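What follows is a set of structures for review.
Look at the two complexes coming up: chain A is in both, with chain B in one and chain C in the other.
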Partner chain A sequence: MNKEIQVSISQKDDVSILNIQGDVTAISGETIEEAYQKVNTNGAKKILLYFDKDGYINSGGIAILIGIASESRKNEQKIRITGLSAHFQKIFNMVGLTKYTEIFPTEELALKDF
Partner chain B sequence: MTSDNNIELHIPSIMGFEKIAMECSASVAKKMGFTQDRIEDLKTAVAEACLNAIEHGNKMDTNTKVGITLTVEESKLQVSVKDQGKGIDQILTPSIENKVGGKENPRGWGIFLIKSLMNEVSFEPSPEGGNIIKMIIYLEK
Partner chain C sequence: MEDEALKNVQDPSKEEKKSQQELEKRIFYLKTLYDLSLEIGFLRGTQEITKNLLLMMIGNFGAFCGFIFLFDMSQRKTDAFSQRGLDKDSLDMLSEQIESGHWIGLNGITEIQIIDESNKPQAAENLFDLLSSLNLRIWIPFDIDANLRGGIGLGDKLSGDPYTSDDQELLLTMANQGAVAIENARLDQARIEALEQSKKELEKLNRAKSKALDHLSHELRTPLSVIQGNIRILKRKTQSQTPPLVREEVFESLEKNLNRLSDIQQETDQIIRSHQELEMKPRLEEFDQAHSFAPKTIHLCFFTEQVLEDVKKRASHRDIQFQIEGEKDLRLVVDPNILEDILVGLLKNAIENTPDEGMIRVVLEHRAQWLQLKVMDFGIGITKENQRRLFEGLFHTLDTELYSSKKPYDFGAGGKGLDLLRLKAYARRFGFDISVGSQRCIRIPTDQDLCPGRISTCPHCRVREDCLNSGGSTFCLTFTGTGDKV
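After this line comes the complex of A and B, so read on.
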């Protein structure tokens, strides 16, 4: 029923980009966590989460992202976000995720001065 | 359809089926003339109410169903989500600081989001057993 998730990892200079296509839920979260752990193991200090504008994100998915925000603090990593629809930007603000991550309207702006 | 202004649907207690209720509510809201912003708010609230019913109310028991009733009125849409469970013990206000700091489970945002996005929210026991969450969203003109 959920749109299957696909997470691909790419690198631009010193920024690790996790391209997240599909729904972000408690069920799909494991795939995002695995991708995060992969870049973490490789020593990433700057991580960009690139979301699917048409994807569905629920509270289970938000919990997964909170887990990543929590780990990134311990690992002294910076996390930026792009690709979110206006609605999910509002939701991320509401729950307070924007205290731990920064949201940018485009990939270009997210990568600038990272 | 059960009456002129009521639409009912039942979904199995399986994660992912909340999207059926979400899309149905969105279609009704669109037909009523809600703005896209408010439709997105409604979609999230309905999805979260269904997820709570599936996970916490019905404990993901596939023999149970979640009932959704949409009641259309001139200036508002009411969505009731009914489970077959025993109710929620306590509704805590989530804290992002505690969750990121590892002092609280990172989950538990559903009710917070529903209350933040809908105009009115109430919880009540169902006469047939189980619980009902009623959410109202007003049509702004």
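After this line comes the complex of A and C, so read on.
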């Protein structure tokens, strides 16, 4: 049973934080896309994707994240990721998402890296 | 390669790590297959299925970009198209190629194919070049049947790794899974369309049947009136002669039977109107209740007492004991006119099936979120076969041959089933439930066995309780979301 997704946007200095709670799938991933488009329209250049450690991410959700990572490169934005479980850190590494973005164990470390 | 193998042998921890990674990758791939079945298994639109299939493929392999399409060969148009990561120019070029039908050249590529200059197939050289120019790395044929054909193109992996033979096998499995989902969705759609078509035809036939019955009922009215008029004239003329040419009883019998025919005609007319009204009504969920009834909060026990008093007056020629039992302080939100109509119908039915000296009980109960109103009679009961046909309309519990013309509320007066039909119609329209439970009197098990209509004249009953315990019926109305106490 999928956990319903909730995405909230917050700001820390010049970093836009997308707080993602719930499971990320092809369908629910559209909510993340919408949130990304919102911060993109507002001119964000530094974006942190903060995932729920208990959330599940399937291949459809990863495809959505690849799309966001790809677009962020075109828009000259920096994307950092945190909150991922060790399992999904491996998966992101396996599918090559880490070539477009970096994963950090904590929010503080991710913010420091921007 | 050999050097690498040698190094791994020299460093077992590296070999172990590699095996671990490979194992994790395979688990991830298996999980993707499982997730894919969840994502697309319940979807019913080709466009949705293809879009999700493409996303699952891209996410599983970490592909830069990809597209998927299906082309309807007979209609010569695109049935589904979805893409991810292609720039606008590539997209325009691709759409143009698909719409023009040039992609059909890809029929030359019947198997999964790595797009690589070194293995360019001669049969589809131009399209191979097109896919290559779109930065696509692998082509997967995606045919649902001979008419619905297409393909999936995926870009390079973000990881930079090539598509292995294992990857190709997984891609084909995923494509097959997608094709099965689309086939199922199309079969479902065809079934739904066939059912809708059958429903429309049935409705059409039903309307025709209603119209024919309506016409027949109207056609009966005029000759019946003419015969009734002629009999009155004939009666007047013959009675004035001395001695009368025709005996009074003959006219009485003629008039009685004609009146009965006239009553049947009028009730039939009313039933047909009710059916037609039901057919015209939209389905319950579309029903705008605001236009059809005026709900009010009523004190159920007080309301029931009032209705019962009124019914008792109408049945004052009968010797029946009435009781109201249960919770006295319940309230119900309902249109009082409708509830009165329902209650009168149920009480009338109970009275007509209860012999004199018998008893009728009305029970009001509140169970969880339900409120139940039960009308229980201790009368003759209904045979099992008749219980099944109870709400069919034009149904009365007495056999036609045994049916005699009696006044309403008389024992065994029956009716043409109109009240029960109306109850069913109300239940459908106003969202309450109606159920019936009945025990046919053990002394008169079939419709041909007659009840004398008064307990004291029944040869099987020594005391009144013998009758009360021998049979009866309970009609139960269940209302939901109501029942607050006053």
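Assume the second predicted complex is superposed on the first by the 113 of 114 C-alpha atoms of A that agree within 3 Å, B and C clash if a C-alpha of one lies under 4 Å from a C-alpha of the other, contacts with A are read in each partner's own complex, and residues count from 1 in each chain.
The criterion applied here is as follows: a residue touches a chain if its C-beta (ideal position, glycine included) is under 8 Å from a C-beta of that chain, and two chains touch if they have at least 3 such contacts.
This is a predicted model, so every value here is computed, not measured.
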| item | value |
| --- | --- |
| Partner chain(s) touched by A:97 [first = chain B, second = chain C, both, neither] | both |
| Touching partner for A:7 - first (chain B), second (chain C), both, neither | neither |
| Partner chain(s) touched by A:32 [first = chain B, second = chain C, both, neither] | neither |
| Touched partner set for A:48, first chain B, second chain C, both or neither | neither |
| Partner chain(s) touched by A:73 [first = chain B, second = chain C, both, neither] | first |
| Which superposed partner A:63 touches (first chain B, second chain C, both, neither) | both |
| On chain A, the residue positions that both chain B and chain C contact, one per complex | 25-27, 58-60, 62-64, 66-67, 70, 91, 94-97, 99-100 |
| List of chain A residues in touch with chain C within their complex | 25-27, 29, 58-67, 70, 90-91, 94-97, 99-100 |
| Residue numbers on chain B that touch chain A, as the complex places them | 14-20, 22, 37, 40-41, 44, 47-48, 51, 94, 96-97, 99-102, 105-110, 112-113, 116 |
| Partner chain B, residues of chain A touching it in the complex | 1-2, 25-27, 56, 58-60, 62-64, 66-67, 69-70, 73, 85-87, 91, 94-97, 99-100 |
| Residues of chain C that touch chain A when the two form their complex | 21, 24-25, 28, 31-32, 35-36, 39, 51-52, 54-64, 84-85, 157-161 |
